[in-house]
Each structure stands twice: as structure tokens, then as C-alpha cells.
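Both complexes below contain chain A, partnered by chain B and then by chain C.
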Partner chain A sequence: MDHDIRTERGVTIVALTGDVDVAQGLGLRDLLGELLSGPPGPIVIDLAGVRFLDSSGVGLFVTSHRRAGEDGRGFALAAPGDAVRRTLQLTRTDRILTIHETLDDALGALGS
Partner chain B sequence: MSERLTIDADLAQLARVRSWIVEHLQRAGIGPAVSIDVELVITEALANVVRHTFAGTTGAIEITIDIDAEQVRVVITDDGPPWDGTVTTPRADGSGGYGVQLIEEVMDRVEHRPLDPSGNRLTLEKRISDG
Partner chain C sequence: MIRRSRERSAPDWRSVLAPVDDGRPYEEQLDALLDAVRRATGLPLVHLYLADPDGQRFHLERATLSASHASDNEGGAESMTSSPPSELLRGGDDRSSRVVATPMGRFWGVPLGVAESISGLVLVGPVGDAPPPDAGDAIDALRWPLSLAVDVARDREHLRRQLAAATSELQASRDLQSSALEIDRFVGLLLELARSATRADGGFVAVVDDTGRLTVRASTGLTESALARLDLAPETGMFDWAAADLGGALILRDLEAAIDLGWSSVLAVPVQDDQRALGIIALVSLGSGIGFDTDGLDLLSTYADQARLMLGNARLFSSFVTEYLATVQGLALSLDARRPHTRGRHAVVAASAALLAEGLGLAPDVVDAIRIAGTVHDVGMAALQDDDLAAGDLDHPSVSAGLVEHLPLHPEVVRAIRAHHEWYDGWGFPDGLRGQGIPIGGRVLAVAVLLAELAAGDPVRPPATIEQLADALEVRRGSQLDPDVVDVALRLLPDLPLRPTQEA
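Up next, the complex of A and B:
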């Protein structure tokens, strides 16, 4: 798993690429923890480049979503592919998390 | 078609197993819906074996995959301590523990068997007609 962070329209965009599984869990947890401890403002996880997502990655997204909610910060996922969407559906977290079809949709909802 | 792979009980091996599984599913002409599910289930099952059965100790895990006209069968055999089949359900705070629920929902048959004197065998079957 690789990641790239940039800011657009006041939104911090974290673009993940590759496979997100439990082997990368600590790195992703630290990355999200750092962003959620940083300056206020919405965060979008761009999943367009993610080929595979396991339930441990989903758990990190749920934890981040809750923490962002407690802090009054927007947090959303964007552009999940078929495999990623399937994991979100099977874990029923598609009912908890905010998920946008495209990054543009997410920026439209959360951006300034 | 039957193929076998043996790996160390190490989470870093998961990506290698996924590549191996996907290669065989594609070669057998299995469609993306089944392939996505099998890849996910094998990852969850192996992660459970590494984290809970071996729990930081070393060991070996053997994975076999059999594909015929009707189903995909994956058998995961480890040489770790036998366990009694107790499973972890999703945690109340929604932060994790989804793996076992997911495996049972996706697969048509899930059977865990402790081996004598040591080890475990997990058999996972998915009908191809499911998609």
C-alpha cells in the first residue's frame, strides 16, 4: 500500500493505492491518527487506486469516522472499486461510513 | 485442478497468497464476483490463523485450492495449537472483528477441525454458480 496526501478546496485528500490489508495496518493507523490529530478540516480517503481492502482496514476507517465525528470534522471515503465496495458491504460498514461514488462528489459535499 | 502453497505464519505473506489464489482463479475462468469473495475470505482466514492460532509464534500454513465445475474449495492447514472453534464476532464499537462473520456469510461451507496431536484444518467452499 502506498499513499499520497494533498489538499483541495480545504479538504485533506489521502489517496491510497495497492492492497490495504492487516499487514499494512499499523502504517495506515498511524497515518490516519496523525491526520486526525492535525489541523481541523475534512478528510477524504480516495480509494480509487485500492485494489483490495480487508476487514482490518475497514475497522480503521470506522474508528477514524467516529473520532472525526467526535471532533466535528468531516470524514468520508470516495471512489471505492468493486472489491472495496464488497468488503464495505459484507462488514455492513457501508451503513456507518460516508461513502461517495467519486472524489468530486466527496469534494462537493465536504469542500469549501 | 488442485494446487498447494506452504507459507510461514506471517502477515507479510498475505499479499503473496492473494496473488497465488487470483492467478489460479483466473486460469480456471472464475468470474470476478467469486474471485473477489474468495480472495477476501482467504485473507481474513489466514490473518486469523496468524494472529490467533500462532499469536506471535512461528509455524507453517499450507493452503490448497481445488477448482471444479461447481465450486472452489480452499483448505488451510496449520501446525499451531488446536483450538476449539470459538469465534470472535464484530466488536460492539464497530472497530473490527468482522473477519469471522464475513467468512461465514460469503462461503457456502465453513468447517474447522482441530487436528490430533496438533494443528487445525479450515475447509472453505464457495459454489461457482453464486456469481
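Up next, the complex of A and C:
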């Protein structure tokens, strides 16, 4: 899994590529932890480049969503592919997480 | 430098197509195809990418590394990472062969399919600015048979997965009809199918028990020690599935635990009906993470639905069976209460019959079946008027058995009830069975019923003493009663519960 971080319209965008699974979990947890401890502002996880998401990745997103909510910070997922979307549905986490069809939709909802 | 001394064979399209027609598993078919390319080109690394449906990228479907490559590369002149990229973005020039730069070095990329519909990309290498001429010729010669072979292999795999899903549904339906309570066997079947369809290394199904805790009911590909280390407690365990804000969602809570178990990826799906959690299905990859594709996830969804139906029905049916049996047992209790000397009779017969069955060395499930049969064996007499009770009714064993024969109980329950008035010498009723042809439950109940009747006495006979009971057994040995059961009864007689307790 690779990641790229940039800021657009006041939103921190974390673009992930590759597989988001147990093997990548510790790195992703550290990354999200740093961002959630950093300057305030919404965070969007761009999933367009993610091929496979497992329960550990889903867990990290749900934990981040909870923590961001406690801090009053926006947190959303954007542009999941078919397999990733299916995983979110199967784990029923699509009912909890904020998920936007595209990155533009997410920036429109969370950006300044 | 990579030495070019490895085996080289002339490209032969027949040898390329052969692996997809010999019934071997999909991955092995692809391995054979890529090996054919490796041998034809003499290049050590061959990776197969397939086009995603969105047309935006290729994803890595299969990669091979020649056994000799590691030693070949000891000189380190060419820097390579250990694994190929999981996906490649498609560009405008993907219809023709070209050099593709990857973190593993430069590769020769050969498209699969026709110009309007590129289905994949084969990378062979490493190469410099272009492949060696003979290698380039070899791969170009293999391009079309390779395209065909990959398409056929992929289509067949897709079909196999669809077939697996259909088979699962059919099997699940049959199982639901034949035995709604065989939960472990059913979830084990679903798990094996899910593992097979998704190519996961292992997995487990855990079911929520009456106390709200998850218990593993089936597993595959996981060691006993790994299963022993699985902590599924709702508040502190590996998975978070009970938190109020999750609303039925399921996530991995303890990342370190998964790493300790050697999992590279895990996908755990909740099995949930409208009101409550029923269980989870978890699939695990142990090696280099093999992600589940959309087909695999769709199949997993199918299996989760089947499990939901099964567990929901089993819970409802189990509750129904328990309540129905309690109703019949209540009817037997009220029948006993109609006369002072029969008070608690069914409970007495059930308890002593279970002890006799244990004494005979019968299996625990048969012992329990005979005990249940004892609790309702005469309930068919409830339909008789008081005046007829003393005389009994020749049909009452059949009527009693008929009240419970539709329940998914151990078959010995119904057999024992129906046969409890059969005589060992063949003069009993309702079927006139004899000897070992009488179900063992019936032979045991016959002894327990006789002892309970004689021990309780009736309006014209006082309760029998232990000695009188022993005499009664001996007199009936081999005529009314099975000699083997009589032997056990004589041995256990002082300890048999032959009279009702205060509660009964």
C-alpha cells in the first residue's frame, strides 16, 4: 500500500493505493493517528487506488471516524471501487461511515 | 549481471493452450501459461495483469519468479524490489507491445486481446530499452494463443465460481429441509465453499450462543493453537461487533492479535437478522495478501445470506421444538395427576429408563432419547376416559409416538415410545415385534414401566418391595422382557428412582 497526502480546499486528502489489509495495518494506523492528532480540519480518504480492503482497514476507518467525530472534525471516504464498496456493505460499515462517490463530491461536502 | 544460460524452448502455441484444458486449478493454469512464456523467452520474470472492468487499470492476476533468478541476480547489477506492483494504470499506448517501467525494473509489456478490447498485459523481463530480439519474437508469436488461453481460463474460473454459489444454495436448501438443527455441519459446508470460492487460506464461522457470546462452530485452514488464541469476547475481543454505535457492523478491533496469528488479511462478515447478531463468517489470508475480488465478495455475501437463513430458522425451530415438547410433557404430567397412584409416573419412568440405558452402555445421545421417550410414552392415553385408563388402549403407543414423530428429535425417541408395549417373545403390541427386533429404547422402557407400575401399586395391589420387583423381573425374563435389560435392572434395582419425588 502506498499513500499520498495533499490539501485541497482546506481538506486533507489521503490517497491510498494497493491493498489495505492486516499486513499494511500498522503503517496506516500510524498515518491516520498522526493526521487526527494534527491541525484541525476535515480528512478525506481517497480510495480510488485501493484494490482490496479487509476488516482491519475497515476497522481503522471506523475508529478514525469515531475519533474525528469526537473532535468535531469531518471524516469521509471517497471514490471506492466495486470490491471496496462491496466490502463496506458486507461488513455493514457503509451504514456508519460517510462515503462519497467521488473525491469531488467529498470536497464539495467538506471543503471550504 | 543476469546470466542467460537458462533453458530455452521454441514457442509452441499448442503447449500454451494445453494447460487450460486439463482440469487443473485456475492458478495452476496461469502458472503453466507464464512458465511457457518464461521458457520461450528465456527471461526470468513473467507477470500477468488483467484489465479492470472500469478500463482504467490493470491488476496483477499472477506472477512467477524463476527458481534460478535469485541466484542469477546475485551480482546485483540490476536493482529490483521483491514483488511486482499490484496494479498498473492504463495509458493510450496499451494496444501495442512496449517497454514498461516498474519498481522491479524495465519490462517488455505485451497486450492480450484485440485492439478494441485489451483484456490484459503480460510483462516479461527484466529488459533494457527493448527485449533481446529472439525473446521479442518468441513473445510476439505467443501473443494470440496466450490471449485465448487466458480468456478461456478466466471464463472457466468465473463459471466455476458461479457454479459454486449455485451448489451452495442448492445444498443449503436441502439441508434446511432435511435437518434444520445440524448447524455445525451446515456452517462447515458454507465455510468450505466460501474458502474455495475466494481462495482464502482459512477461516471460521462463529455463532452467537444463548449467553450472547461468540463460539467457533466451524473452521478450516487454521491450527488448533490459532483457534485457541482467538478471543471473540464482545467487549474486549479481536472483533468489535457489539458496540451500540456500530449498529450490527463488524470490524477488526485488535490489529496486533491478527498480526500475531500470522494473518496478512482478514475479512469478517456479520451474519445478522433484523433484530440481532447471529454470528460471523471470517476468511483469512496467511501468506502474501491475496485480496478478494468482486466475484469472491459476491459469493461471500451469498454464503452470509445462507448462514443468516439457516441460523435464524434454527433458532426459531429450536425454540418451537422445545416449547412443543414441553407442551406434550405437560399433557403427560396432567394425565399422571388424574389418579393418585400414577402421580409423577412419566418422570419416574424417564429417570429409571435413562439409568438402565446407561447401565447397558448405550451412547449418551441414545440414553437422552430414551429419557425423553420416557417423559411422554403414555401421553396418547390422555384422550381416554377415566374408565378406560386402567385397561389402557392398544393404540396409545402409536398415538403417543405420533404426537412427537414430526419433531427433529433423535429417531430412538419415537421408536422407543411406539415399542414400549412390545414383548420380547413377540406377544406384545402394536406391531408384534420380537427379540432384538424390538428397538432398544422400547425394551428399556418396558422394564422401566413395569417397575414403576409395580413400585407405585394401584387400588387393588400394594406397592411392591425390592424383592417382589426382582421376582417380577425374573418371571418375565425372556417372555415380556429383554434378558439383558433385566440383568441390568436387577443390578441397579436398589438405586433406581422408582417412586416420584415431592416435586413430581
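Criterion: the second predicted complex is superposed on the first by the 112 of 112 C-alpha atoms of A that agree within 3 Å, B and C clash if a C-alpha of one lies under 4 Å from a C-alpha of the other, contacts with A are read in each partner's own complex, and residues count from 1 in each chain.
Following the convention adopted for this analysis, a residue touches a chain if its C-beta (ideal position, glycine included) is under 8 Å from a C-beta of that chain, and two chains touch if they have at least 3 such contacts.
Source: prediction; values computed, not measured.
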Fit or clash - chain C, chain B, common chain A: clash
Partner chain(s) touched by A:29 [first = chain B, second = chain C, both, neither]: second
Touching partner for A:95 - first (chain B), second (chain C), both, neither: second
Winner by number of chain A residues touched, once chain B and chain C are compared: C
Set of chain A residues, in rising order, touched by both chain B and chain C: 19, 21-23, 52, 54-56, 58-59, 62-63, 66, 82-83, 86-87, 90-91, 93, 96
Complex contact set, residues of chain A against chain B: 19, 21-23, 52, 54-56, 58-59, 62-63, 66, 82-83, 86-87, 90-91, 93, 96
Chain A-facing residues of chain B, complex: 11-12, 14-15, 18, 32, 36-37, 39-40, 43-44, 47, 51, 90, 93-99, 101-102, 105-106
Parts of chain C lying in touch with chain A, wherever the complex brings them together: 52-54, 59, 86-87, 239-240, 245-253, 255, 258-259, 263-270, 272, 282, 285, 289, 291-294, 297-298, 300-301, 304
Chain A residues touching chain C - in the complex, by the definition given at the top: 17-19, 21-23, 25-26, 29, 49, 51-52, 54-56, 58-60, 62-63, 66, 81-83, 86-87, 89-93, 95-96
